[in-house]
Structure formats: structure tokens, C-alpha cells
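Each structure below is given as C-alpha cells.
Both complexes below contain subunit A, partnered by subunit B and then by subunit C.
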Partner chain A sequence: MARRIRGLSDRAIAWIFVAPTIFLLLAVNIFPLIWTIRLSFTDFKANRNREVEWIGLQNYQRILTDSDIWITMQATAHFLFWTIFFQVLIGFTLAWLINRKFKGNDLWTTIIVLPMMLSPAVVGNFWTFLYQPQIGLFNYVVAFFSGVDPSSFEMIGSVKLAPWAIVIVDTWMWTPFVMLICLAGLRSIPDYIYEAAAIDRASKWRQFWTITIPMVLPFLMLAVLFRGIENFKMFDLVVQLTGGGPGSTTELTSINLKREAFEKWRTGYASAYAIILFVTVFGLASIYVKALNKVKER
Partner chain B sequence: MRKFTTIAASTLSSAVLLGGASAWAEDLTLCWAAWDPANALVELSKEYEAQSGNTMHFEFVPWPNFADRMLNELNSGGKLCDLLIGDSQWIGGGAENGHYVKLNDFFDANSISMDDFAPATVYAYSTWPKGTPNYYALPAMGDANGWFYRKDWFERDDIKAAYKEATGQDLREPQSQKELLQIAQFFQGRDIDGQTRYGAAIFTERGSEGITMGATGALYAWGFKYENTPGEYDMAGAVNSPEAVEALEFYKEFYKTATPPGYTDSYMEQGLDAFKSGQVAMAMNWFAFFPGLYQDPDVGGDKIGFFVNPPQNVAASTLGGQGISVVSYSEHQDAALDYIKWFAQPDVQAKWWSLGGYSCHNSVLNDPGFKDSQPFAADFLEAMGGVQDFWQEPVYAELLLAMQKRLHDYVVADVGTAQEALDLLIEDWTETFEDEGKL
Partner chain C sequence: MSGYSITEPSRRQKWVAGTLVVLYALITIMPLIWIITTGFKSPVDSISYPPKVLFEPSLEGYVNLFTTRTRVSPEQLAQLPPPKRWYEEIVRNRDMVIAGPSRYGERFMNSVIIGFGSTFLSVFLGTLAAYAFSRFKVPLKDDLLFFILSTRMMPPIAVAIPIFLMFRKLGLSDTHLGMILLYTAVNISLAVWLLKGFIDEIPREYEEAALIDGYTRFQAFYKVVLPQAATGIASTAIFCLIFAWNEYAFAVLLTSGTAQTAPPFIPTIIGVGGQDWPAVAAGATLFLLPVMIFTIFLRKHLLRGITFGAVRK
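After this line comes the complex of A and B, so read on.
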């Protein structure tokens, strides 16, 4: 026996070590995915004891032609675009400022990253108080600068303002994450490049556009990828903040999917919905990663 | 020898009998929502523990998560709950999906008669299919959506005079939905004792059942029906009738003109907070909260009054309340049934009412002193006489979420008209019933 073990090839030993992980991956990722694909072609409802019928592409057809689903897709796209836009803009600016050497630099970094250390559910909850029209600090701050009555506008209750209310909170919470990644990028740029540029009499502005931005870009793109994937499946923060309302104004796809799957118990339909979302994220992320690799190669 | 055998047998049987109490003692878990009546039930159940030797455990879930949590538990065949006080709308799913134990044989064997309970509560909380003598729960907690108001403000001369001047009418408990709105609009933004007050706190919550439970208070009062012919699922003309459209427009007007700012997603707790903090003159909420409100040191006692959901075309209230069921996945079904047997006793039901629970037992409700036993008792009886409930179908959750969406879209988010909202609701419900093979 001992001789046999001694006689194992490197490949076999590698398999022995890797096998448990592969098995686990198959059990918790691949099998549920295949099972979900299978369910998506049925009318299965997890809360009903009835025969499951194979209905082909009916669930997919229903989802893709449902105007309510497209409204949630639009809400998700709005949320995704603006959160990423603001987080990149503010995150990079903060990173650039923090990267300057000044007194209290470390303290400010710690203060800035505090929001991302909080639980999204907690953040969602306390921002509902901040947005409260009668006692909310946010309304009073806006009122102080604009002169309007604090209770004259409702960030969460207004159809026009609610989509921006969730963008503001997500930006507040996750800008520090983008800032940290950008900071890592900025600090990875060797000083001698700037020194060489200075010798060549390149202006600060030119240094920024020809050295800083290109060298930070891969980091920035990575941050966008992370935030994009995270916000595409955003759930907890928005549920706590608006519950998807008013009406369905802030009902993002993940909230809508959860309602279909675990409140209405339309398991087959929800499986098809999940597959559509998975393919969308996977497809977009793949294209994006290819672009990211090209930027890195430059 | 025979004597010895007899003594030995007697000793053995005595030992078995004496030890029986502890051998039978079981741990029972009762699941319900976390609210005032649940605390009363804990108190009440102490007597059961003393009598039976069983130990009661309680799993109380806050209302916004109650349905999610408990329906997940049932659908997954969970053994957490031996007894469940589930919402009335769950009875269809509980029965058809095999979550609840059918109680007919148990009732017969223990001489528990459904005739001893108020008919409306038996119909709503216990039977499936509706109205048939197939019982899956014992009526445990009667409830309906009612109203309460600041009686001290209503009785103040300056406010009464101002109301008379503004409307030409006397300020009183509203006798119709339109009078209710008129009073609420009168109080909206009014300065009382140096503070800005608002009309009323109503239900507008989007996530679970809030806005449906609130808006149906108006819809039922206008004569809303789910079907033209009960059991036929023929909804067109009933759900979107002119009366239903008018009622929904009324509810939207109420929300827009007579509620505090920011009341876009409020349900029981938010309504109670608004009233207790002196923000609003009136509020809708479940009768279950009325004992606690009456005891409130700031707004209770002489300062509070109660009234039934005012009629418009008909007298009607939205049904709340629950029956108590034995979960079929429980490993302690005998003990759970034993609890129900104890709970069904008239003296236990009387104590249940005295502790703040709403008994559905006729011996309590028909007691001559009942109406005067609490300031809201007469209103409760009146409300229970005209209660209407949401669909109780096994797919009730799907039906409810569709209504939540359509109502919130129209009332709070200003999407479309009342007619469009109700037309879309019929489309949603039709699709659901088609999927279920009922249409």
C-alpha cells in the first residue's frame, strides 16, 4: 500500500488535493445552476404539491415581453450607471487628494472608509431617518442651503427623487471602496516617471493625462467591474431604504426576482428570470474583462 | 403469591402513572407575529404549562417579515413550529399544501363545536374550501381594521368651533368615509398647542400587505367585490366597477391631502408612532392594538376614542385576525392538539379577552357585559359583523403582491388612473388563476 502511494504521479497527487474543492464547486455552484436551467423550462412552484409541467420557453417569453420587467431593468440601469459614475468621479478625486502628502492623511483615510465598513441593512435603515421629511437631517441640510421648506420634498416618497435617493446612499457607502483601489493605483506609479516628465518640462496637467490616468486606468476599470457586478445584484440596501417603492420606482431586478421566487413562489418563472440575469451579467462582464486585459497590455 | 403479584402490579402501574406526567411533558413551540396580543398569549399560556406540564416556547416574528418567514418554514417542511397562528389568507395554502392538520376528527372527539365560535371567524379563519365544514384552525384572534382618534381634540370647544366654521357641520365620530376624509383634511396642517398636526395615519406600505389592507377599507365600504359570482373567478365588472374606481380615487385623495409628509411606506408601527407622538388626529389600525393604545399614558384613557371603519355605500371592515393550527410537520402533534383543546375552553377564552386577546368564542362575545368591558368592545363586535377578507386561495401571496404593486403604483407613485390600476390588477389575477387552472 505504502509502495502504491509512493508510486503516485504528481498529477494524481494534484488531483487528490484538488478533488474536494472541485466536488464542492460542483455541488454548490454547478449543480444548482444546471438545476435552475432545468426548472426554468417548467411551471414548478416550490410551495405547491402538484405535477410539474414542461412548458418550454414560455417563461422566457413571458419575462422578455413583460413591460413591468423592463421597467425594473430600466431602474437597475439607472442605478448602475449613476452610482458607478459618481463613485468613480468622487472616488478618484478623493484618492488623488489623499495621495498628496499632508498632515492627518491617515486619519482622513480612516474617516473616509468608515461607511463601507457598515452593514448595508444598517445604512439603509438610518438613511430612511436622514431622509425623513419632518425630522431628517438630509432635508434640513438641503433646506439650509436652498431655502426650501424641509418637509416640502420627500426623497424616498417622490417618484422623481427616490431613484436619486438610492444613488446617493450607495455612492456615500461605496465611494471609499473605489477610492482605495484608485489609491493603490496611484501609489503604484513610480516617482521617477513624474521626475522624468518634469525634466522634460511636462506641465502638471499633461502629467495627469499622460501618466496618472493611463497608469491608474486598469485599477479604475477593476473598481468599475466590482461595483458593476455588486450593484447589478443590489438588494439589501435598497430594500431597507425604499422597499422598491414608491410604486415600483426603485424596484431593481434583484428585488423583483426575490418577490417572484420567494414571495409569489413562481419557481420556474423565477429560475428563467435568474438565468436571463446571469447571462446578462456574465456576458457583459466577459466583454469588460477582455477590454480590461487590452488596457493592461498597453 | 397472587397477593404479591397484585401488589407488584399495582406498584408498577402506579409508578407508570405517576411517572406519566413527566414522560408526557413536551416542549411546544408556538409561532405567531410579534405584537401586543402575542405577549398576552405568553401570559395566558403559563396556566397551560402549569396544568399540562408541557413547556411552551414562542417564536414571534415582526409583522413585515412574518409571512415571509413562516411561509418559508411551512414550504420547506420545517419543524420549528408545532402550533402556528397564521394569517387568515394562509388557510387555503395551509390546507391544500398539507401544512396544516385537518381538525375535524379532533374536534368531534373532544366535543369542540364550531357553533360555539362567531360564524364570521369560523368562516374566515378555519374553513377550506371556504364555508365548508372542513376545519384547519380554531379561531384564535378575532380582528378587523378600525379607527381611533384624539377624543380630547374632538371635544375642545375651539376646535369644534373651527370645524363648524370650516365645514358647517359638527365635529363627531365620522359616519361615512367622506366625512372621515373631511375631518382628516380639517386637521391636516392645523396648529394645535403650538405644533403642526396632520389628518390621519393610513396604511401605504408596499412590501408586504399594508396598502392593500388600508385601501380595501375604502373599497369594501364602497361595495367592492372580488367576483361577480362567488367561486367563478369572474372579476371583470366587480374588481373594476365604478364604485371600486371611486373608492380607490378616494383613498388616493386621502393619502395626498390628509396624511403626514413622508407617509409613503407606512403600516402598523408607523401609524401607531404617528398617533402616539401626537402627529395625527386619527389613525387606522387593527383592533388588536386598541387595548395597548387605551393604556398609553400619553394618548390613551380619556384622550382616545375608537370607531368602526365608516360605511359609504355599505358597512364593511377589512378582516384581520388568525386561527390557530397544528403544523403537520410537527413531531409533537398530540401535545399541540392538547393545547388547542385547552385554549378552546370558555373560561380560558374569557381570560384571553381579559388579557388583551380578541376571543372569538360566543360565550365571551355574547356575554351581556362584553360591550361595556372595554371602550372598543362594542365597535369590535360591530366590525366583526361586516368583515371582508382578501382572497384565501393557495396562491394568495401572488394575488396579494399584484394588488400591492398596482395600488402603490397608483396611490403613491402617481402611475396611471384608478381605472387602469384595477384593470391591470384583473389582468394579473387572471394570469395567476389561469396558471392555477382555475380559469
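After this line comes the complex of A and C, so read on.
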């Protein structure tokens, strides 16, 4: 017993173990967040050394009535909707196929996963090379299969195609993530459910819609949540691909925010912008999680 | 399994599924293969039409990646002593001489230092916190976990504004230490969450037996729990490392000269009239290949980790 008393109490250990993490999160997450809130009520510019003035809610008012911000929001919505659409469609299909347990499926799964493990900025930069008219591999392959002239279209240079260029690369990169989560969902369905359904003479089609889909749905929704949050924050891949252009057709919120904060140096304004984005993501995510929990309970 | 099973897919089904998946996999790795092969192309081959699949391999991209060069006139070139090394010869063929090393080596080393430094710190702190969350009644435990996760919802650019100002005040701008602390703070939420899952799986009975044998709680932690959690710690470390290795937004905003990592640097490699694609591809290959090899060899742990972490959230 004497040796146990010498050691620290469980309570003390718990605090010693948690404290550094809490401290780090306070210093690098909470404190900056509070600072951002404070700055959002000022006209502070980080590149100037002048008296900071409190301007109340003016920044917020300006952002919410700025038509440019709505263009940015539309670009983001387009990007979010189509990336999630394609990633769910392809990701689920792939997972469903891989779950046929053919020989060597784990090696091929790994190869499919490769793009999502890589640096989005470095890969995104290289995709601009693949997207070059005429000499780019992407244009060449599209031209080869469709018969159009490979130099007749510019994926990242044209207003019409650029929003799709970023959707394609993001889908290429992140479909495996949705696939892996769907695969975990498919693998969580016990065989006996299908066996029971087969004994009841339920057709394969019926089994798919009444067993597979409902049981994978919570996993799929989770994948959508993660992709949604990640793509709402999207910066590295798209900034390397198009830099927000041409014009501002692919200027997603993060790229727009970067312009305001680190090019125009409107720090106070950008802080208010950041807070609005955070509240938006947080609010949408909370509503979504509530819906997700309802699906899970069913 | 030898018996007939209703749920086992038929051979034909397997064949069709396998073919489709392999087809997708081959399409999806084309861009990666293209990166690797472009690194070994000569500048002319890299921009030829139609794109060249077969080409004469050249190390010019790699030479250009690691050197800076200056153009000299043919007369000057003729006066120079003959090239001593193979890479000097490659450069001379382009009417240039090597002026010095490029910054790629430095940037790559920065990625290594910041990546491993922040990984070590997040796994170290994360294991301690995860153990406490797993085993003890920490007040506000559920809120803390939620808070830890919600920090991930903030766009990095939004976080970068106050961090930029804070680092400027503290003198941490463009330093290794600043980036290590920042990446640790970003990674630690996922690390705690993953590690808590792994530690939850270790039966409490092991530690309780050790406590009865006279171990202190701390001894029980590092002699009993840590070895049991080693695999989980290792796969968490890989995730943290990959995040820090790939990160771009903070790196491009908060570093410039001394502490810049490779991702913001590689896209800035330029040659005559735009990006020097073989050199960019060479730099990208050296930077991406370790992660690809890691992923293929450690696939069991990684794949489990990705879904495990996600599904548990």
C-alpha cells in the first residue's frame, strides 16, 4: 500500500495529462478566436500602424449586403453540391463493387486511395499542367474519346469550364474517402440479414433498397458531412488550380477571405467574414448532425 | 469457407466487379504516373503533342530542381574547362552553367523537421490526454471532445488571421517552432479522438492488476497501457505526419524565407517562360513518393484509421 500512496492521485494524473492539450488549444484556437471576434468590430488593417477604431457592426453589415460575397457563395455552393454529388455516386458504387470481395481487392482499394493521401497544393499545381490545352494529358484524353480538337477548350481558362475543372480534380482526389466510409458501412451489415431475406425470397433489387441502402445511409451521411465541412473550407487545391479565376468564377469563400485578409489587408473586415463563415458551418453542421442522429435511431 | 453461401457473390459477379474497380484504379493513378514520368522527360518531350508515353529518360528535371543556373554565351562556354560531372554536362548542353544549389533541399528539410516535430508533439500530448479521457472522470468531458472536434470546422484562412498577428507579436513568424506548435494544435484534436478509441479498446483489468501489484498509476500507464496502444499510436502518428506534410494554407501565409515547407515552394519552381514542368514534376515526385509508399505498405493500418476515425466521430 505504501507504494501506491507515493504515486500521484488519479485526479492529479488526469489533470496533468489533459492540461498541456487544453493549454495548447486555448493558446492556438480559443484565444485567436476571441481575438478575431474583437477585431471584427474594428477597422484594423494589419499592414498599417494607425489608431484602431471601433466601428460596431459595420463590417458585418457590409459583408451581408455585398453582392460580391454572394457571387462567392454561389461558386462555393456549386462546388459543394457537385463534388458531393459525384463523390457519393462514384464512392458508393466503388465500395459496393469492392464489397463483391474479388481477388486482390485490398491492393486495388489502396491504389484508389492514393490521391487523397497526397498534398492537394502540389497535386493541384500539377493538374494545371494536365489541363493545358493541346499538350495537357486531360485535354488529349478527352479529345481522343470525343473527337473534339484538344486545343479548342481550356479547362481552367474559360468561365464556363473552370467551375467544372475544380469539381473534377476534387472528385478525383476525395472520392476514395467516401468510398472507404461506405465500405465500412457495407462491411458492418451482417450476412445473416441477407440470408434471411433470401429465404423470404426477396429479390436482389429489393434487398438492395430495403437492406443495403438503409444500413449504409448513416455512414454515407457522415461521409457527406465530412466532405461538406472540408469543401466549405477548401483552399489549397483550388487556389493552385485556378487561383479563383478566371474573373471570380471559382473564387470560393476561403480564397475570397484570403484576398480580403492577406492581399487587401482589411483585417477587421476579414475577421467579421471569418466569424460569419464559422457560424454558418457550425450552424449547418449542427442541423445536419441532428438529422443524422434521427436516421441512426430509425 | 467451402460450403455454399447465399451471400457469397458468384464468380461472374466478382469478375465484373473486379474489372470495373481495376479500370477505375488505372484511370485514377494516371495523373500520378504522369507526375513521375514527366520528372524524367526532357523539357521538349514534356510539352510535345501528342503527349509522349515513350520517351528517352533524362535527368534534366532533377538537375534543374536542385540547381540554379545562369545563361552564358557560346563564346564564354567554349572558354570554360570541360565539365567535370554529368550534371554539369546536362546544364552546358542548354548553354548554361550551374550558379549554385536551389532552395528545394532546404524546403524539403523544413517539411521533414516541421512534420516530424509536430507529429511527435501531437502524439505525445494526444496520448496523455486520450488516456485521461478514456480512464478518468474529467469534468466537462463530453463538451471538451465536442470542442476539440469543432475546432476543425474553422477554415484555415480564418484561423490564420489572428495566428499571423499573434506570431508577429511573439516573434514566431516564419520559424520552425511556430509551425510545429501550429500543426500540433491542428492535429491534436484528431490525435486525441483516434487515440481515445484505441485506448478504450484496451481492457482496464490490465492496469488494475498492475495497480494491485504495487505499480503507481503512472507506471501502469507507461508499462502496461503504452505497449498495448503501440499500433494505435503508430497509425495516429502517420495521420498527423501526413497532415503536416501536405499542409499548404498555413505554410503559404505564415512562412516565407527560413521555415517555408515544400508544398508552397514546389509550385513556384519556374524555368524559362513559365513553369519548368520536368523540374516541378521531379520535386513533386520526391515529395509525394514517400507518402505513396507509406500508404501502400501500411495500408491495413491506414485504411482502418481513416474509417475508424471518421466513423467514430
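One rule holds in what follows: the second predicted complex is superposed on the first by the 275 of 298 C-alpha atoms of A that agree within 3 Å, B and C clash if a C-alpha of one lies under 4 Å from a C-alpha of the other, contacts with A are read in each partner's own complex, and residues count from 1 in each chain.
As a convention for this text, a contact is a pair of C-beta atoms (placed from the backbone, for glycine too) under 8 Å apart; a residue touches a chain by one contact, two chains touch by 3 or more.
Since the structure is predicted, the reported quantities are computational estimates derived from the model, not experimental observations.
Participant: Output check: A:T242 vs subunit B and subunit C. Expected answer is one of first, second, both, neither. What do you get?
Facilitator: A:T242 contacts subunit B only, not subunit C.
Participant: Return first, second, both or neither, reflecting whether A:Q134 touches subunit B, subunit C, both chains, or no partner chain.
Facilitator: Both partners, subunit B and subunit C.
Participant: Does subunit B (first) or subunit C (second) touch A:F262, or do both, or does neither?
Facilitator: After superposing on A, A:F262 lies in contact with both subunit B and subunit C.
Participant: Is it subunit B or subunit C that touches the larger share of residues in subunit A?
Facilitator: Per-residue touch count on subunit A favours C.
Participant: Kindly classify A:A285 by the partners it touches after superposition: subunit B alone (first), subunit C alone (second), both, or neither?
Facilitator: After superposing on A, A:A285 lies in contact with subunit C but is clear of subunit B.
Participant: Who does A:V159 touch here: subunit B (first), subunit C (second), both, or neither?
Facilitator: A:V159: touches subunit B, not subunit C.
Participant: Output check: A:R48 vs subunit B and subunit C. Expected answer is one of first, second, both, neither. What do you get?
Facilitator: first
Participant: Is A:W35 contacted by the first partner subunit B, the second partner subunit C, both or neither?
Facilitator: second
Participant: Across the two complexes, what residues of subunit A are contacted by subunit B and by subunit C?
Facilitator: 46, 134, 262
Participant: Along subunit A, where are the residues that touch subunit C in the complex?
Facilitator: 3-4, 6-8, 10-11, 13-18, 20-22, 24-25, 27-29, 31-33, 35-36, 39, 46, 90, 94, 97-98, 100-115, 117-123, 125-127, 129-130, 134-137, 140, 150, 172, 177, 180-181, 183-184, 191, 194-195, 198, 219, 222-223, 226, 229, 232-233, 235-236, 240, 253-254, 257-258, 261-262, 267, 270-271, 273-275, 277-278, 281-282, 285
Participant: Name, in rising order, each residue of subunit C that touches subunit A in their complex.
Facilitator: 5-9, 13-15, 17-18, 20-22, 24-25, 28-32, 34-35, 38, 47-51, 125-126, 128-129, 131-133, 135-138, 144, 147-148, 150-166, 181-182, 184-185, 188-189, 192, 211, 214-219, 221, 242, 245-246, 248-249, 252-253, 262-264, 266-267, 275, 277, 280-281, 284, 287-288, 291-292, 294-296, 299-300, 302-303, 306-307, 310-311, 313
Participant: Under the stated contact criterion, what part of subunit B meets subunit A in this complex?
Facilitator: 67-68, 71-72, 74-75, 93, 96-98, 205-207, 260-265, 394, 397-398, 401, 405, 408-410, 412-415, 435
Participant: Using the touch definition from the top, list the residues of subunit A that touch subunit B in their complex.
Facilitator: On the subunit A side, the touching residues are 43, 46-49, 68, 132-134, 151, 154, 156-157, 159, 239, 242-249, 259, 262-266.
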